[in-house]
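Chain naming follows the written order as A, B and C, and within any one chain the residues start at number 1.
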Amino acid sequence: MEEFLFAFLNGDILREAWPILWQGFLYTLALSAITVPLGLAGGVILALLSTSGPRGIRLAAAAWTDLFRAIPPLVLLVFLYAGLPFAGIDVGAWGAVAIGFFLNTGAYYGEVLRAGIGSVPAGQMEAARSTGLTRGQALRHVILPQAVRNVLPDLVSNTLEVVKLTSIASVVALPELLFQARQAQNATYNATPIVAAAVAYFLLLWPLVRLISRLENKAMAGR
Amino acid sequence: MGGLESFLFSFFNLKVMGTYLPLIAQGLGLTVILALLIVVSGLALGLALALLRACGIRPLNWLIIFVVDLFRALPPLVIIVLLFFGLPAMGLGMSGFAATWLSLTLVLMAFAEEIYWAGITAVPKGQWEAARSTGLGFFQTLRLVVLPQALRITIPPLTNRTIAITKGTALGSVVGVAEILGAAQSAMSFSANPSPLTLGAIAYLILFIPVVALGRWVETRFAWKR
Amino acid sequence: MTRPAPSPAAAATRPIVDARGLWKRFGPLTVLKGVDLSVAERELVFIIGPSGSGKSTLLRCLNRLEEPDDGSIHVDGIELLSRATDINAARRRIGMVFQSFNLYPHMTARQNVMLALRKVLKQERAQAEEAAARALDRVGLAERMDHYPAQLSGGQQQRVAIARAIALEPRVMLFDEPTSALDPELVGGVLAVMRELRQDGMTMVVVSHEMAFAKAAADRVVFMADGEKLEEGPPAQIFGDPRHERTRAFIRQIDRH
């Protein structure tokens, strides 16, 4: 038991590692604040292209979505970070994360939003157009708000996945929470920093998990 | 070298690809094995938890909900790192393969439990009552009447979630598992050329595009006719 | 409409259902306030009353789908509420038909009927298949045996549900508003099946708003309001000369429709 506490819940080591863990935590928050909007933007573009573009573009958007849903995000990230420089293109760790998340989480958000737009009855667009709204106005003011409401549980759930996914940025040495915890663990030969990081992730994301459960139950009950 | 030529030399270098094809193919095999193990153990454990929860024992259910929430909230890579780098401090070292398997199994278990449970509660109360009124017991009703209906509506979300989580096998590369990404990365450093990475990406596409398409098909196929 | 005259002998036999002093509360709401109900063999008892009167709850207590807070229920001599009673064994002697049919959507009509035959009565497949075919034939659905519920009309689904119950050869059948969820043109087929059951001597307890059916087929009508049994008697008396003010108001309202 003592050994367990020493190795996993060591107060001294926690105090020592606290400053860099806290920095890592803030870094994770900042990463999320950037990757979630990026992914959402990519998703909205993909969803609009795959529901209302010309046939060729619709198919291309669907293929694009499937492509980036099939490639593991870590593979994409490693490719952007370690592969591209061979061709003389160095986007850096930040660039790799930004592009990778735009492509990967964009595809997931795009799929969710596409389903949401599909769930809005065609009559809504017709009604909106009949009152003189342009196609773009109708999409923005009539279709998208309903679409988002219909797939809210999936959107929130996807957002949880994006925040969790920021942990792979540790692989390209961005100093987010997991990376800092690994550094601290290497320096101290003790697992406490990683346990602390896990606890921090849990405390940060548990409310989101609960919220998703409630939204999903509501959606299930409403069927 | 021109731009295109240099691009092809870097990313589609047939000579490099030929050399490392066997290594990547081995990685592909390992990914498939790892993925299958995760799917089987994760889905089975998830179902077991959901059935346990259906028994309605209060303190046990709180525990189940907590465990499920825990593994839904933690990033898979954090769990892998904790198991691989953390447990040896306890004298409980495990291989990177085992750590990846166990971590993703726990994550899939959590998500699957949640989905199974939603499916079970979505079966109307009248189904329970009708079955019980003919003398079927609780477990008979669960197994013969409720589960077949619950499983059917859980197939689409379960398929999508399973695909997403098995793609996490790539995280094994971080703890030295020579699955596709791990193999491709070693090949890349041996050859000083990123073509193996292209090969790895292609391997993932070969593996997962059919699965993603299957997920989409399942979604339309398994809608309940009411 | 014809019905056999209630045999004087029926009244003399011991009751097959004997419920006494049933109380049931849902939170702050008391739904049953010490209700007694006894049903003789081969008797058809009709329970009527305004919504919220507790009639469905009473019916659901009779096979313990609802657990009464107090009271006793004997069915065919077995004390249902006793801890020692094997409720699953007892329930196969008590058939139940629900307002919403509750057929199993993943099974054909015949599989719906066979499930309890196989799993509760432990019959061999061939025997269960034959019994199911017979039960479905009795409700006039021999040709629809291999259809799934979604391929059947509401009336046909309800007849399958009746077949599912009678295949177990219950001693008593409970009907919980069996025609309320049906389109008017489908009600007749279900009532015809119930009438045949009654002619074959099945003991039945029916909660329903089909007053014409009650007048024609019931041996006794029970009027409930606010969780209490206010009066009971032969249909002619309850519909023609109700004693209680609440009953009179209820009958008047029904007649206006």
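Note that in this section contacts are C-beta pairs under 8 Å (C-beta built on N, C-alpha and C of every residue); 3 or more make two chains touch, one makes a residue touch a chain.
Each chain and its UniProt protein: A, B = Polar amino acid ABC transporter permease; C = Ectoine/hydroxyectoine ABC transporter ATP-binding protein EhuA.
Predicted model only: the values in this text are computed from it and were never measured.
**Q** Measuring centre to centre, with centres taken as mean CA positions, what chain is farthest from subunit C?
**A** A
**Q** So which chain ends up in the middle if you average the CA atoms?
**A** Chain nearest the overall C-alpha centroid, as shown: B.
**Q** CA centre of subunit A versus CA centre of subunit B: separation in Å?
**A** 18
**Q** Could you work out how far the Cα centre of subunit B sits from that of subunit C, in whole Å?
**A** Whole-Å distance between the two chain centres: 49.
**Q** State, to the nearest whole Å, the distance from the C-alpha centre of subunit A to the C-alpha centre of subunit C.
**A** Distance between chain centres, rounded to whole Å: 55 Å.
**Q** Can you list the residues on subunit C that touch subunit B in the complex?
**A** Subunit C reaches subunit B through residues 63, 65, 88-92, 94-96, 98, 100, 102-106, 115-116, 119-120, 150, 161, 164-165, 168.
**Q** Can you check the complex and tell me which residues of subunit B touch subunit C?
**A** Against subunit C, subunit B makes touches at 124, 126-127, 129-137, 140, 144-145, 148-149, 152, 224-226.
**Q** Where on subunit A is subunit B touching in the complex?
**A** Within the complex, subunit A touches subunit B at residues 3-4, 7-8, 66-67, 69-75, 78-79, 82-84, 86-88, 160-161, 164-168, 170-171, 178, 181-182, 185, 189-191, 194-195, 197-198, 201-202, 205-206, 208-210, 213, 216-217, 220, 223.
**Q** In their complex, what parts of subunit B are in touch with subunit A?
**A** Touch list, subunit B to subunit A: 6-7, 10-11, 69-70, 72-79, 81-82, 85-87, 89-90, 114, 118, 121-122, 163-164, 167-171, 173-174, 180-181, 185, 188, 193-194, 197-198, 200-201, 204-205, 207-209, 211-213.
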